[in-house]
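Here the structure is laid out as structure tokens; the discussion comes afterwards.
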Amino acid sequence: MQEILGTLVRGLGFGSLYAMLAVSFVIIYKSSKVISFAQPALMLAGATLVTYLVGPVGFYLAVPMAAVAMAGVGLVVERTTIRPMIGRPVFVVAIITLGLDVVIRVITNIFIGRDVRQVGDPWGLSTVDVLGITVQQRYIAMIVVLIAVVAALFAFFRYSRWGLAMRAASLDQETSLVQGVSVGGVMALSWAMAGGLAAVAGAFVGTGSGVDQATWIIALKALPAIIIGGLDSIEGAVVGGLAVGVVESFVASYQDDFAPWLGNNFALVSPYVLLLIVLLVKPYGLFGTREVERV
Amino acid sequence: MTTTEPRVGTGSEAPKPVRSRGGRPRGRPAMYTTYAQDMSLLNTRAKKVSIGALLVLAALAPFLFQDDMLRLLATGCVLAIGAIGLNLVTGYAGQVSLGHAFFIGVGAYTASVVSGDPTDEDVWGLGITFLPVWLLAAGIVAAVLGLIVSPLASRLRGLYLAIVTLGLVFIGEHLFREWDSLTGGFGVGRQGPDPVLFGADLSRRTEAFSGDQQMYWLMLAMLVIFAVIGRNIARSAMGRSFAAVRDRDIAAEITGVDVRRVKRRAFVVSSFYAGCAGALLYSILGYIDPSSFGLLLSVQFIAMVLIGGVSTISGSIMGAFFIALLPRLTRELPAYLPFLSSSATETPNVFQVETLLYGALIIVFLIFEPRGLFGVWIRLRNYWKAWPFSY
Amino acid sequence: MTGGTAGESPVVEVENVTLRFKGVTAINGATFTVGPQELFAIIGPNGAGKTSIFNVLSGVYRPQEGRVQFLGEDVLGRRPHTIAARGMARTFQNIELFENLTVIDNLMLGRAHRVRYGMFASAFWLGPARSSELADRAAVEDIVDFLELAQYRNFPVGLLPYGVQKRVELGRALAMGPRLLLLDEPVAGMNLEETEDMARFILDIRDELKIPMIMVEHDMGLVMDLADRIMVVDFGVPITTGVPAEVQRNPDVIKAYLGEDHATGGRRSKNTANGDAAGSTAASTTGGES
Amino acid sequence: MLSVSNLEVVYEDVILVLRGVSLEVPDGQIVGLLGANGAGKTTLLRALSGLLDIHHGKVTRGRITLDGDRIDHLDPQQIVARGISQVLEGRRVFAEFTVEENLRVGAHTKPNDRAKNLERVFELFPRLLERRTQTAGYLSGGEQQMLAMGRALMSNPRYLLLDEPSLGLAPQLVGSIRDLITAINEQGTTVLLVEQNASMALSISDHGYVLETGRVVMDKPAAALLDDDDIKEFYLGLGAEGSAKSFRDVKHYRRRKRWLS
Amino acid sequence: AGCRGGDSGGGDGGGGDGGDIATDVGVTSEPCPDAVNEDNGCIYLGTLSDLTVGPFAAAGPLIIDGQEAFWQRVNEDGGIGGYDINVTEYVRDNQYNPQVTNQVYQEIKPDILALAQTLGSPPTAAIVDDLDAEDIVAAPAGWTSLYLFQDVIVESGATYCAEAMNGVDYAVENDGVESVMAIHYAGDFGADAAAGAKVAADANGITFTNVETTAGPDNQAAAVAAIREQSPDLVIISAGPTDTATIVGQAAAGGFQGRFMGSSPTWNPAILQSPAAPAFQALFQHLGPWGSWDSETDGHAAMREALPDVTPNEFYTSGWVWSYPLKAALEAAAENGDLTRAGLREAAEGLESVDFEGVLPEGSGNYAGGANDAASRATFISNIDPAASTGLATVAEAYTGPTAEEYDFTGPCYEEVDLG
């Protein structure tokens, strides 16, 4: 039981990371119907920036500063490579973001160098006991931050007219324009938000073991998460992210005992298996908006 | 076929001679006089001449280029086969697939097993090295897997489908990594299929030709065959129904297109192409590492399709050659940029710039040339046609 | 209710069809038959369920209740393409052409359900593929002539003017070799000239090709002039069916649909800016759920 | 006053669509704009709303002014902010939004008056109130048209540009829309009305323009247009005697339009 | 038709300055670009390394620098047989990808005599048949036992396999461990080490468990769970530094008190800055094929002198040491008057020992015999010490345990041993 709970908590810990990354994907999707494959690079760049800033200003200031900086990068990226693509097929834009990912990552790697860089978070590997389960403090921090971020975004999309405008822009740019929505503006806003969020997620990815050139791979875990949740849903991203984390953690811990024939490290692909199962039942994920098909 | 039909739309009878009795009227070489002419593969003299010239030139390449270049070109031919396959499912039929790498892998391994050494204790082999056999086997096994996957396309749309097919790649990578008797296992790998035709291993040097020369000719021939088949599919009812399903599937269904069957066919055809391409690719490379069939490979194929031009066969070929030659190109570039260091430990160095350029070129291309290389080509052609009045 | 010319069996029989979406009853007990060579019109206020009836007929929607027979066969629950293959052809309220394809290819697609050759034949362009393609092409060219589309033959339809696109859509339906043609607002958004052209084609289809049709249209001039019989629906409920002259006078129809202006039929002939028994109050009447 | 002078518009740098169009929309009026398909009516509205950009079009000559200020180089949202609101051709609702969300987007520039305007729209179109939470993409064609109109009204604009608002509407509703336009106009909104339904448009317009192949070929008070023989024949479908022709006897050839000679 | 003579287009033929040395591909009588000795001809050596996006992109460039320093010193000492050695002209990024490796290899093949570096065993496997066919000798970057069985590959230092054997033997001797768990990446590197650990565990009669893991800090949960569940006395890790840090740190945070040992590529001094540093200092020992940066051998001293301004890192050391056999082979070939590819291969295959300047024990580098003769078996074991320049404080020099001593290399370990 203790073990099961421990596995669950670890799963939720990583899951909250995936969720945060997934949310950053969803924000971009909401404004432009594009899955941005550049998020891994933005995350890596954000984390790297934190490792540089943490010395002079400390972790608590470094993270928001990195987030702001990455929001700026998001803006630049949107302006230079996404805006010109308005009206073009989304998967072309998706491939552009892949190109972006390569570019940003190579540049970031120059700054990472060969070393493992440290984000210098205050938690390290210390743990606390919660109801008899040993939990790493950083997981608790991640969950708290996730809750805060999601609550803020929820309010944004629910109550501000910009949230609605963002979605409108993704559905029909011309119509949005004649409603007075600045399509470029909301797209820029979404990229900035996604960039900032990726940086925050990156900082957390860097806790525990640091940041190196390979760290970006984690961000790919957000892909099954957003699909499971439904591409355009914040709550979906959160549920999807947590589900991926938990499933992975359980498979990692117990697959050997129950299904060794699945091969080593089956945990890595387990999110995709979960994804298949979910989509067979709900083709738009758990919370995704069904595309309107009508003649 | 229905028995009674209204007059318009009757077409099931023998085609009546339409408008003319064949043969072009003298003096009007550009005028079609039969639908057969209009619908034939190379329907203008200009096309016939230019394609013919291109083929001759391509066939002469081994006398013009060094082996390393030939090898790249052969790789380009094979990648083009894979790109045509992806273009059929993604460009023509509109089903975005990020799973192409998986089918490439399936083809590579099927062919290697068929042609592999049966006495090898570590990995399976059937010892049938005759190229047509392993090639077809690779295509068919991949096609069957495509068939199994295709129902997903009927349920899922757009990026949902894309990510699920990406899942296929991850699951495939896992499979390839773990299934030692098939793949040799992660970090170990196995030999690719041997390109043996009528007893001769084409990758081996003969008195007259180097292995690379022979392989290039083989791959060129393969590309021609697969490209013609691709064109045929594209211009026939199958290709039209692909496009119909891509543009509006509900309307297509109401117009009498069996959408599920069309999607199924698109996946089957495309995976067949991928399977064959995988088999041929690794007969060039000679060695298969199980981690080769990842997201990156799929993305490269998508890039070929997009850069070449969506829904064009010739575009796929151009895109494939572009991607195949790009690393070589970017490698030459730093020679002209003196501020770059060629030492790997200094920054900025050529290797970083090489990768950077690769990403940047893809971005720039997609932003500035929406119709891809095919569009560039059309523009050049129109310019040429209008000459000397081009503006 | 008579089904066209007595003695001949009807092309379509719709019996008591009810279609509900969550919270909305789109069709409520629709019953009608269409005889051979009949031009049957369905009119009714916006959202009355006309397009939904078409969608039921062509198999896109599956009604909760009722029966639909097409050429003597039950077609409910069949997939649209099989119904299409039986001979149900259709145009759409919002043009549903394959924009990237040429006019010829769009028309050729109308013949998709007749294609009998397989993947292998098409890959190698073997005999069956070749001759089938040529035959289809010949048939399609007849339609091109019929609808006067020759000059647009090789244009991607997305680039054509709206009115021409509507015509191409009609052509695609004709290419299917239809035994019943469903026309959803064939002249909506067209100017007078194009409307007249379309009217001529519709008449020719009926008189020369003898294809029965069901037409949904809000242009009362056209409907009243062309239709043999008209069914009026409101809130999914058929309120009356009859010949144009009858329907035009029916007070329920005037109240629910035509408004006072159209009680006399034809188009408005004077600058009667204030001839409005149909004010915004009339709009409200259409609003009350029945 | 919104005025267009000598406007020339080119798409894709080569397709010349408007060839020197001049037109005035005086405050408080309803101006009708007629024209065959492809004449360039929508293009003109796009130019007014700053939408040419996304259609790869450009104003190559002429100017558009609002109360004397040039607006032809402004962004769409700046133009909307100046009180010009357009209903696009062909019921462009946000298909995946609910009816209410669609209307809320319409209020983007006027968030403060949202509740008030919403009420007004629901009053005008009770059908929309009924369908308030329905996904807009599943509305019927006519319902979508109502929604598009309603959405434009949510910003309570000074100038309303309507592109074929009666398209696909039931006859009675065409009447309602006509009355609605009059009513909005009476409340102070200036209207530029593009219509295929010429009789409807001219019946409520103060002034009318006829656009053919990118040129204004006629420009008269609406009542005068209604009396014009060509307009009668080509836009209103009236025979020589002034009664409606029947579609049963449409001819294959027709008389040449006088204004083209 | 095939009038364009095969591959051997390069080279000036007919010898350089010496006049009596035969040459073919990749050797010119013109001096190298930026030559140290303007009068010498030039021998071009190629390098295929992971420079940008592969998993060892952090290592590749350092290895290259180590090598360049090595050959620079050779050139400063007058070169070999009247030739300078150029290792900078034909450096290519193999991205640790067999396909790319093949491409870039084909590209430089016409211009090089031999390969100064081919990094990683999957990439090397993709070209090794061709190397063999073309008589191209190559120095590998890596310690996979596979290299023992490839004639054209001149490897240096103990294999991952032998290294792990020594680790287990040492821990049994010194700490009396009774159970060992191998946590490793799949494939050549990880599996080779795990195989060695298994052999040694069996030989010592202690229990062995095998846990495969994948790169990525979020992918180590299973490995950490396995440690926690089974609490072995010794864990031998063969993974990248970040993942090693994750495993060690997490396991320690979870209360694990046993020993860790890591194969040579597990260590990166930057770990000392990470939260896992205390755990490393308390529990971790590093295994390496030769002494660390600070070691007191002639070779190390020369290297430190040749690389004066760098932040010390063991990958420099590796790049340096890996180059000795090729130098020996070139010298032998020059001696024989045959610097053709075939001549170099013959010289390499005939090497009975290589002078490693004390870095490796006397007698190392015997390629003339079988795999068993070629195999180095000595391992340097270090504790983690922030005071040392690369964080490694050697506790056992050139340790060879009984298992490795007796082991008979009959094939690559990871193929011979069933990990179960």
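Lettered A, B, C, D and E in written order, each chain numbered from 1.
What we mean here is this: a contact is a pair of C-beta atoms (placed from the backbone, for glycine too) under 8 Å apart; a residue touches a chain by one contact, two chains touch by 3 or more.
Everything numeric here is computed off the predicted structure, so don't read it as measured data.
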| item | value |
| --- | --- |
| B-E or B-C - the one linked by more C-beta pairs in contact | B-C |
| Most widely separated chain from chain D, with each centre as the mean of CA atoms | E |
| Identity of the chain that, by mean CA position, is farthest from chain A | C |
| Euclidean distance of C-alpha centroids - chain B vs chain D, Å | 48 |
| Centroid distance [mean C-alpha coordinates] between chain B and chain A, Å | 33 |
| Chain D-chain E separation of Cα centroids, rounded to whole Å | 76 |
| Multi-partner residues of chain A (each touching 2 or more other chains) | 106, 109, 264-265, 268, 291, 294-295 |
| For chain C, residues that touch 2 or more chains besides their own | 60, 92-94, 96 |
| Where chain D touches two or more other chains at once, by residue number | 138 |
| Listing of all chain pairs that touch each other, if any do | A-B, A-C, A-D, A-E, B-C, B-E, C-D |
| Of all residues in chain A, those that touch chain C in their complex | 295 |
| Touching residues on chain D, where the partner in the complex is chain C | 36-38, 90, 124-127, 129-131, 134, 138-143, 145-146, 164, 167-176, 178-180, 182-183, 196, 198-200, 202-204, 222-223, 226, 234-238, 242-244, 246-248, 250, 252, 254 |
| In the complex, chain C residues that touch chain D | 21, 23-24, 43-51, 93-94, 161-163, 185, 188-197, 199-200, 203, 218, 220-222, 225-226, 256-259, 261-262, 266-273, 276, 278-280, 282-284, 286-289 |
| Chain B-touching residues of chain A, taken from the complex the two chains share | 33, 35, 81, 84-85, 88-92, 94-96, 98-103, 106-107, 109-110, 220, 223-224, 226-227, 231, 263-266, 268-269, 272-273, 275-276, 279-280, 283-285, 288, 291, 293-295 |
| Residues on chain E engaged by chain B in the complex (per definition of touch) | 1-2, 4, 6-7, 9, 49, 51-53, 60-62, 64-65, 68, 88, 91-93, 97-100, 102-103, 106-107, 109-110, 121-123, 125-127, 129-130, 185-191, 414-415 |
